[in-house]
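Quick heads-up: structures coming right below.
Two complexes follow with subunit A in common, the first pairing it with subunit B and the second with subunit C.
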Partner chain A sequence: MNLEYSLFPGCVPSAREFSCEVSARKVFEALDVELHDVGDFTCCMPACLVHSFDYVTGLALTSRNFCVADEFNRDILTLCVSCYGNLSRAKKLMSENGDLRRRVDELLAAVGKSYGGKASVKHSVTVLYEDIGIESLKKNVTKTLKGIRAAPFYGCHLIRPREYLSFDDPAFPVKLDELIKVTGATSVMHRERAGCCIGCGSFFGEVAEEAALRLSVDILDSAREAEADCVIVTCPYCFLQIEMGQLLFKRRTGELYNLPVLHYTDLLGLSLGIEPKELGMDLHKIDPTPLLERIK
Partner chain B sequence: MENVGSVTVIGGGVAGIQAALELAKLGMLVYLVEEKPSIGGRIIELNCSSCQLEVPMDCSICPVIPKMVECHNHSNIRLLTKTHVTGFSGAVGNFVLSVLKQPRFVHEDRCTGCGACAEKCPVEVFDAFNMVQGKKKAIYFPVPQAFPQIPVIDKENCVHFRNGNCKKCSEVCPTHAIDFSDEDMKIGIESDAVVLATGLSLYDPAAIREYGYKRYKNVITILDLEQMTSIHGLTGGRVVRISDQKKPRRIAFIQCVGSRSRRTGNNFCSGVCCLYTAKDAALVKMLLPETEVYVFYIDLRVFGKGYQELLNKVRNDLGVKYIRGRPGGIWEDPKTKDLIISYENTLIRRAEKLRVDMVVLSPALLPHPSNQKLAEILGLEVDEDGFFKSPNPVASPCDTTLEGVFTCGYCRGPRGIAESATQASAAAARVAETIALTKSRRVKR
Partner chain C sequence: METEIASISKELLQRSINAEKLRYCYGCGTCTASCPVAKVVPENFNPRGLLQKIFFDLNKTLTEDELWLCAWCYTCYERCPQELKTTEIFLLTRNLAVEKGYFPKQPTALIKLILRSGRTLEVTPARDRKRAALGLREIGETVSEKALREIKIITEKSSTWRVRE
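Coming up: the complex of A and B.
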């Protein structure tokens, strides 16, 4: 197939949620997709950081990553939907707003760069769905995960805002469900599937822990009501919110949901016959062992 | 009566009917051009129920029906249904309009409106207008109170037009009014002035994907509810959930669906939804006193005489619960088909969820899409929202950018039934004034 991408690891997979990167690398390796490390990538610069006091500087910091990617002539592959959203937003602004682009280029000139806009932004899930495709994924599946009821949780910035993120229908997305079905697992309909975990504004959890926890619990309730065995996420932030939310909720109330949270690449990896440990699943805080036993 | 001038009124809704009647009474010859098979406009889609349902409320349609009859019977009014404007020339005092009358396949002079044809028609099709009324025949009356009381053949579904095998309606007609060879007819109309009353169209709430209209059976629009509470609707006036025909225990109304929104581009307020929602919430509460009724609103805009009082009554005496907040999404419980609404109660700044049996949406009311085309044909200007422009909205609210062409009703901007009728009278006065001036100018020459 010979697909190649520049891996944009993002801060959460690099510093907090390692299993996300581990499983993505393993799965893409198994699918013969090359992920190249580019040392020079910086933060994707979420809109709530620098943008809020200096919009153009914030945009320049995001856009700088495109200059780096262009040097290698490869598209960017992100693991986190927040990175995917922020980079996509910058790309849209830079391609549509000439004035903004000129001002950003002035700032980039200070580091000897200029926005070229060749590279496009992709997320691991959009690469799996669009670039590799359901049919060729099916050919690679060696182990069917029949009987597993998986509750998809799309993650806001995979599908919203639709002005620049058009992967799927923002209100009734279906593509992650299709990807789940590839593995033989059942994708479960539940009400919070296209909901928000507030993870992308991780600062929100710091200032309003109660509210953030309420959202996590809501997602868990939604999945549990639908009798799901696990929640499938596409983003390390969602992963943290939903997994760590369970531990936080246990600390508050003593009750443990004990609902394993899996990256989509974990689920796909298992169906490709990769060992759970190689996918970094031993790093998960909610032990997926009982679930994995059922697959054996 | 002496003919003192002629006027073309485009659009046969409340405003068009009112303007036509006023002008006809002044002795003018009025051509009333309506693109649908019946006059009455949007109002005939509203409920006709209250007397039969024994609810102490005014019926939406009752005050207008006598006007429709009068308009239909007036000797100075020439009614052109299933007709639209295709060309326009001339200036004030001698406009020439070309109109195209589409075939009804029923002879308007011969038909007595007995309805025998519709009874015999073997075809049953889904009524595209709404999801509640359900079925209609291939030859049908648009609504029970249609004027003219003449049925129309739906060419696409009629067996005769598909394979020529059926003539049942024609055989049963006592006056031989069915004419399958009816064709498009081009008509030229000379008139001194023109009144535009094209009215409104409804925003399709299916475009607000997160509310799931057309995806979830129990999410309906306010017009569906009007049909449901209509005595001639499919449910015969009962309010039921579409999914299981059961009585809903909790109903939520959502206002401003697609209006006042930068996302849809419809920045303006439709102007009437707060009031009709209160009215329909009250109707539901009177029909089903045990049912809990909720209304989601951004803010409440009820400013006419007696309107605030009605709202107060609905909130305080009937116990309809008002929640300030525009819901972010609706999720259907796959098993029960109940609907879970996610919203922020902005008065207490709290994100909440509400489980209801049924949701009623109030879609944005948009200017009629034909305005753009008419503006091109007549050489008028419309604003960015699609309403006709007036050179001076304050001093001459009925005027357009062309002398001798006037507007009334929703095509000039959002307004309710009463205001549309008032403005129609104003437009009629402007027409009379213009024609009088034009004639005196001619005499002076």
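Coming up: the complex of A and C.
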């Protein structure tokens, strides 16, 4: 197939949720997709934080990453949905707003750069769906996950806003469901599938932390009501929130949801015949072993 | 009706979020009904109310924590029947708050971490060893020296990025 991308590492996968990177690398390796490390990428500089302080400077910091990417003739592949949305937003603002672009370019000139914006922004899931494709994935599946009821949790910045994210329908997304079905698992309908985990807002103080906990409980209820065996996420932030949410909730109430959270690449990897440990699933804090025993 | 937000960053607002449309809000509450934060902490965050406060009492709004509770999910932005760029309006209003010297504690600490490391999360040597044990590349406590230097230069001219000390 010979697909190649510049890997945009993202803060959460590289500093906290290692299983996300382990899993993605393993799956792309199995599919013959090459991920290149690029030395000079930084944080994506999320708008909710960095652009909140200074819109133009924030945009310049985000855009700097495009200048770095353009040194190579490859598209960017992100592991995190927030990086994906944030980079896509910057690209849209830079391409549509000449005044903003001029101001950003003035800042970038100080480091000898100017915005080119050649590289496209992709996410591991958009690459799997659009660049590799469902049919091609099906051909690689060697082990069916039949009987597993998986609750998709799309992640905000994979689908919203449609103004610059065209991957799926923001109100009724279906593509993660299709990707889940490739593995033989059942994709269950539940009310919070297109919801928010507040990952991006949860570092803004006690109220935000409390809100994030309550919301992860709501997401877990939604999945449990639909009799799901696991929640499938596309974003390491959602992963952290929905996993940690269960541990925090247990500490507070004594009740453990015990609902495994899986990166989509975990599910796909299992169906490609990759061992759970190789996908980093032994790092998960909600033990997926009972689930895994069912697909042996 | 000219709002202060429109006059302060008028050009930026108009081009980026179409400030003209601020007055189009007819208070239907679709934003609040859709908001994940309002769903779980309704007493602390209400996007419809926040928009109205930005519109009618901006200066007071700039000092309030509520401004920092938007989780940036774009659900209201996607659903607003009047096509107000709600999420972007909240971001720009935060800019105005910072311009006036209201630095919320946690975001400010994160900005400092970015200036120091190029990331929003710390990679301690122990974490890096853990990465190596998992077969991942070691990435160090900061992004590359070149990248870090460039971040510093780009932010140097920013009048609102006064958090470096």
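Following the convention adopted for this analysis, the second predicted complex is superposed on the first by the 291 of 296 C-alpha atoms of A that agree within 3 Å, B and C clash if a C-alpha of one lies under 4 Å from a C-alpha of the other, contacts with A are read in each partner's own complex, and residues count from 1 in each chain.
Everything that follows uses one rule, which is that a residue touches a chain if its C-beta (ideal position, glycine included) is under 8 Å from a C-beta of that chain, and two chains touch if they have at least 3 such contacts.
All values derive from a computational prediction rather than experimental measurement.
Peer 1: So if we stack both complexes on subunit A, do subunit B and subunit C clash, or do they fit?
Peer 2: After superposition on subunit A, subunit B vs subunit C: clash.
Peer 1: Touch test for A:170: subunit B only (first), subunit C only (second), both, or neither?
Peer 2: both
Peer 1: Figure out whether A:189 sits in contact with subunit B (first) or subunit C (second), or with both, or with neither.
Peer 2: first
Peer 1: By the touch definition at the top of the document, which applies to A:40: first (subunit B), second (subunit C), both, or neither?
Peer 2: The answer is second: A:40 touches subunit C but not subunit B.
Peer 1: Please determine whether it is subunit B or subunit C that touches the greater number of subunit A residues.
Peer 2: Of subunit B and subunit C, the partner in contact with more residues of subunit A is C.
Peer 1: So, A:16: does it touch subunit B (first), subunit C (second), both, or neither?
Peer 2: So A:16 only meets subunit C here.
Peer 1: Examine A:108 and indicate which partner it touches, taking first as subunit B and second as subunit C; both and neither are also allowed.
Peer 2: Second partner only, subunit C.
Peer 1: Please pick the stretch of subunit B from 261-269, 333-341, 369-377 or 387-395 that overlaps subunit C when the two structures are superposed.
Peer 2: 261-269
Peer 1: I'd like to check the shared interface: which positions of subunit A are touched by both subunit B and subunit C across the two complexes?
Peer 2: After superposing on chain A, subunit A residues 170-171, 211, 214, 218 contact both subunit B and subunit C.
Peer 1: What part of subunit C is in contact with subunit A in the complex they form?
Peer 2: 11-12, 15-16, 36-37, 39-41, 44-45, 65, 68-75, 77-78, 87, 91-92, 94-95, 98, 104-107, 110-111, 114, 118-123, 127, 130-131, 134-137, 139, 143-144, 146-151, 153-161, 163
Peer 1: Which positions of subunit B touch subunit A when the two form their complex?
Peer 2: 209-210, 212, 215, 329, 331, 333-334, 340, 351, 353
Peer 1: Please give the residue numbers of subunit A that touch subunit C in the complex, ascending.
Peer 2: 9, 11-12, 14-16, 18, 21-22, 25, 37, 39-43, 45-57, 60-61, 64, 68, 85, 93, 97, 99-100, 107-108, 110-111, 113, 156-157, 160-162, 170-171, 195-196, 198-205, 207-208, 210-211, 214-215, 218, 280, 283
Peer 1: Flag every residue of subunit A that touches subunit B in the complex, lowest number first.
Peer 2: 169-172, 189, 191-192, 194, 211, 214, 218
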